[in-house]
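Chain IDs A, B and C follow the sequence of writing; residue 1 opens each chain.
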Amino acid sequence: MLSRELFWGIEYGWMTYVISFITTAILVYLLYLKSTFWRQGIQEKVCFNWKSLQIFRSLSDQRLLDDNKTIGILHMFVFYGFITLFIGTILSMLDSHFYHFLEGDVFVIYKIVLNFTGLLALIGITALFLRRYVFKLAKGDNNLQTLLALLLPWLALVTGFLVEGSRLAVAPSESYGWEFWAFPVYPIVAALKSQTYSTLITIHTLSWWIHMLLSFLTILALGWTKLSHVVLAPLNMFQQVGQTPGQLREIPLSDEYFGTESLSDFTNKQLISIDACVSANRCEINCPAYNSGKSLSPRLIMEKLQKVKNYKASLVGDTVSEDELWACTTCGACQQKCPTLTNPVDKIIDLRRFQVLALGNMPQTWQSALMSLQRRGHPWNSVNRSRLDWTKGLNVPIASQKKDFDVLFWVGCTGALMDRNIQVSQAIVKLLQDANVNFAILGLEENCTCHMARRMGDEYLYQEMAEKNQSTLKQYTYKTIITACPHCYHTLKNEYDITNNGIQVLSHTVFLRELLDKGLLNIKPGLGKNVTYHDPCYYGRINGIYEQPREICKLAGAKLIENEKSRDNSFCCGGGGGVIWSDDPVGSRIFETRAKQLLDNNADLIATACPFCITMLESALNNLDPNSTVKIQDVAELLVGQLQER
Amino acid sequence: MKIAVLLKQTFDTEATISLDSEGQINRQGVNLIINPYDEFALEEALCLKENYGGEVTVISAGAPEAQTALSQALAMGADKAVLVTDDALAKSDEQAYALLLSKHLSDLGFDLILAGWRAIDDGSAQVALRVAERLGIPHINVVTKLEINDGKAVATRETEGGSEIVEVSLPAVITAQKGLNEPRYPSARGIMQAKKKPLQKLSLADIGLSADQVTPKVEIISYFMPPTRSVGKIIPGEMPEAARELCRLLREEAKIL
Amino acid sequence: MTAGIWIFAEERNGKIKKITYELLSVARNIANQTGQEVSAVLFGKGVSALANTLGQYGADKVHVADDDRLAQYTSDYYGKILANLIIENQPSVVLLGYSSLGRDLAAKVAQKVDTGLMSDCTGVEIINEQLIFDRPLYGGKVFAKTICPEARPVMATIRSNIFTASQPQARYQVEVVNVDIHLEESDLRQLIKSVVTQIASRPELTEANVIVSGGRGMNGPENFKMLEDLADVLGAAVGGSRVAVDSGWIHQSFQVGQTGKTVSPTLYIACGISGSTMHLAGMGSSKCIVAINSDPEANIFKIADYGIIGDLFEVIPLLTEECKKMQKASDSYQTIIPVAQ
């Protein structure tokens, strides 16, 4: 029967077990050393969930494939190749010591699979090596660790084929139809066939020991080189359980803790996450700051943090520059694309927190926005209106007077105070009134949700304001909160503590879609224009609302043209994370980068659903082409334009 | 260096002002802030403390609400705060405030006294200078740059049509103008530390003054709103014509040109 | 009230500043109603010759302190002399301008003579022998009527460009009193190390009759040249809104607004300025406001006396042309306030 003898032709084969024991011990020690990086952070409970591992594993592959199919496929070759070979080794061990089943046809299939996947792995690694060292397309440092991560497994594979080839050249009993199942080694066998028996044995023995050494070195590499992502990525995925996009860490404020000054101020979960970065560089693809020439690259930040040796050293200024720190719009595009599920955003915000809360350090223009928030409850420094001025002549019910209503319309600071955005609030009111919705607004009782302030780093101001708002919201009874600002939406829904009373927070797009569904709005689909919809980050990528705004456009009579970067692949307008208040002298402007992308569709109208997107995109359009006839509108404005007289 | 900063709490610059039924200024719902010019003075004091060491005391006289302004000053980095509050101060004028402030200041002794050059509510621009006169120390007014060397203050002072560089010996009163510095943000850490810093509330008796010593010399007898300007003319027409028409109106109707 | 209405005359480089004439006409008004004399106080070096001019604009008497040590204003020297003068002569009213010098001097002297001081006054009336001054509060959003019922002298600083100087009249020789100057070196505690004067061919912003001002609509520093051309034709000062300053288009010293300078010219031409409350606080008391803005909804149109909705890059040059034509045609400008000698 066709099969293979364990340790064929090798004396002292049992040394394998000794060496594997030693290797495991060393590997454990190396991982222990690695874990010191994570363990000097603040303790946070790490809970494991096998199910999420499964989900995230497939997510990871998907993300690798999404933006660079070639690399995705090559990585799958390597990944699945090695997994298969590993399983193969285990099966071989079971076969030798417990129950012999690898014989005959089973053995043939076994060998076909292993040889084929081994070849794929070899092709994969070779291609990745060429990509990095010859074509110079890969990011991340080209140091010894990176080199070994490629070289060791590659050499292990090559020597493995050499072992097999030289064995087959000597022991023809195994070679029943070997040409069939051993095709990768065919050239090796053919080349060796002419050698003498003793030469072949020497080659076999040498390559066997070298192969074994290399294999164990490769295993050790899991603790020391870039290959450690094999351990770290799943570990990181485990502890992401329960993390939703855009989620920030709650920090209890005290006299002593104000966010992250040094590495030891991160939590251990965050440090695992930082360590899991392999410089895959998917994050840069859609990063609005990076793509507008700013110095911020999420990958670079993670790399820099990984290299910090002094856990107590201050990070901002030395490791992370202020330019990088303040450039992040918190859009989450990096988080969404990362194959190891590293999340740069919450690290950046923790760094901002220390700067703002402990040092009062922030870009000068942000200070006026935050001071305005402190004094007036809204960030629009130069505005001199009250939150009710926009309602003049519209008969908008105020909660404190109406008392009994179903829907609370959370207007937001921008929607109540900024000229352009007031038009959207007015459009929504008209729609709500047309549909006879029993709604009210908080009016003067409303304060900023402080979504922006939180992401700018002022956690203290956020917590104070949140408390105020939550107690105001508790005073009234209603079923639904709707808002036209994705930032307010995200914070009200995910960060405030109000949904436990059965209150649901809805995006205005979802609510309007529902009204249309129920036939409550008298709309005629008369728009007849080409419309490109720009997905706001906090509705789209972070909270998964894609279809309703598009359906609203269609129902208004628009012909939708999808932008290349849409849905979760949308490109941020540059308004989030406080960046709307930035001076923006470096590089080009994010909003212009995005506007150019949208203008490529040549639509008559750019629709969106966020007051900041509207502000930024209109600015951009004004800068790029003041004579442009392209309009930018909220979907509510589109809809109200098609409202018919009853 | 012992530095004192005179601070006033005023209405927010964006506040809408109205008169109530009794013709008094409505204080309902108005945000109260540190007088912006006093913030420049405070920031300067904090910078000097960082450079030369010492202690910064903020002093305010007025309504009890001024406590929040003083807390904010402590959060920005001042070491001590004093609020002189008393019912008798309700109608006080600039010279009464100057009296009580200088009394308290002379009791404590300071090397440098900083204040905003005016308050945005009444725009008097008097109190700091009166304090200097009372204490018999020199002053430099409306300062956009300040250096302290060897017991002397050298300041750039704004004048009409230019500026001058003036030197005085300490102790002195310096009043701050916009452009002197950029006031820092009161950080959360500062706010928490401020809770532990001393904030003294004193009545007139506490500083050794009686109510009749602070009777005002100047009184406000009534308030009135400025006349709302009537909506003017939009000059219609195409460009050269409209410009011509404007000139004509300015000459013949408004009689200006 | 018989002891006299005094005003502090300001001069610069041998010329009397416009505010002085305005003060004289206010003083004259009060004096006529109360049967008192108007005296001017004039300090400086080589200024005696200006006494007559002060007489032409309404002074009955001029107290002159002419001394080398008074060439440059110092609050110590000026303050000591003025305070002593007041204590000796006991005038009933002392008026100064709410100018850089006036503010500095008035507060010090008011404290020295232990009286009240009403700052930045924009109106004066006499009711039942009581002098009532109008003072703007909160950037001019509300006004207060203030009195100084008992303390004497009644002191007030008056805002520029509010009151109109009267026409000069040739008079009999004005009485000049030379002040005994008792100054010790130890009196002077301020050392003036250097003086920087902006060489301005244009009037100073707070003193100008006409101001041409630019805001957001200017779109850049180079476009202010256009405003300067118009200002040259009109003999105006150039100013700007906070946006223009923050954008780095003009220097902060030209900012008109709540956090900049308060101006009340006869004519204020606002170009590309939206008219925020903060800006209005600085120029709202201008006698005539002209607004040029492409946005018909701009706030400035609500307070402008005349407005043109249009592209300022078109309007301003045309306006400049028209003004030049008018100037040629009439050979001079008749402004309400005569240009000071």
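What we mean here is this: a residue touches a chain if its C-beta (ideal position, glycine included) is under 8 Å from a C-beta of that chain, and two chains touch if they have at least 3 such contacts.
What you see is a predicted model; the values in this text were computed from it and never measured.
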| item | value |
| --- | --- |
| Far-end chain from chain A, centres as C-alpha averages | C |
| Chain at the geometric heart of the assembly (C-alpha centres) | B |
| Geometric centre distance via CA averages, chain C-chain B, whole Å | 22 |
| Length of the line joining the C-alpha centres of chain A and chain C, rounded to whole Å | 62 |
| Whole-Å gap separating chain A and chain B, where each centre is the average of the chain's CA atoms | 50 |
| Multi-partner residues of chain C (at least 2 other chains) | 277-278 |
| In chain A, residues with contacts to at least two other chains | 384 |
| Numbers and ranges of chain B residues touching at least 2 other chains | 14, 16 |
| Chain A contact footprint on chain B (complex, rising order) | 12, 14, 16, 29, 31, 33, 76, 182, 184-193 |
| Touching residues (chain side chain B, partner chain C) in the complex | 11, 13-17, 19, 25, 36, 93-95, 98, 120-126, 129-130, 132-134, 138-142, 154, 158-169, 178-179, 216-226, 229, 231-235, 239-240, 242-244, 246-247, 249-251, 254-257 |
| Interfacial residue positions of chain A with respect to chain B in the complex | 253-255, 258, 356-362, 364, 367, 370-371, 375-376, 383-384, 386, 444, 458-461 |
| Chain C residues within the chain B interface of the complex | 12, 75-76, 99-101, 103-104, 106-108, 110-112, 114-120, 132, 135-151, 189-198, 200, 204, 206-207, 210, 234, 252-253, 258-259, 266-267, 277-278, 284-285, 287-290, 296, 301-310, 314-315, 318-319, 321-323, 326, 333-336 |
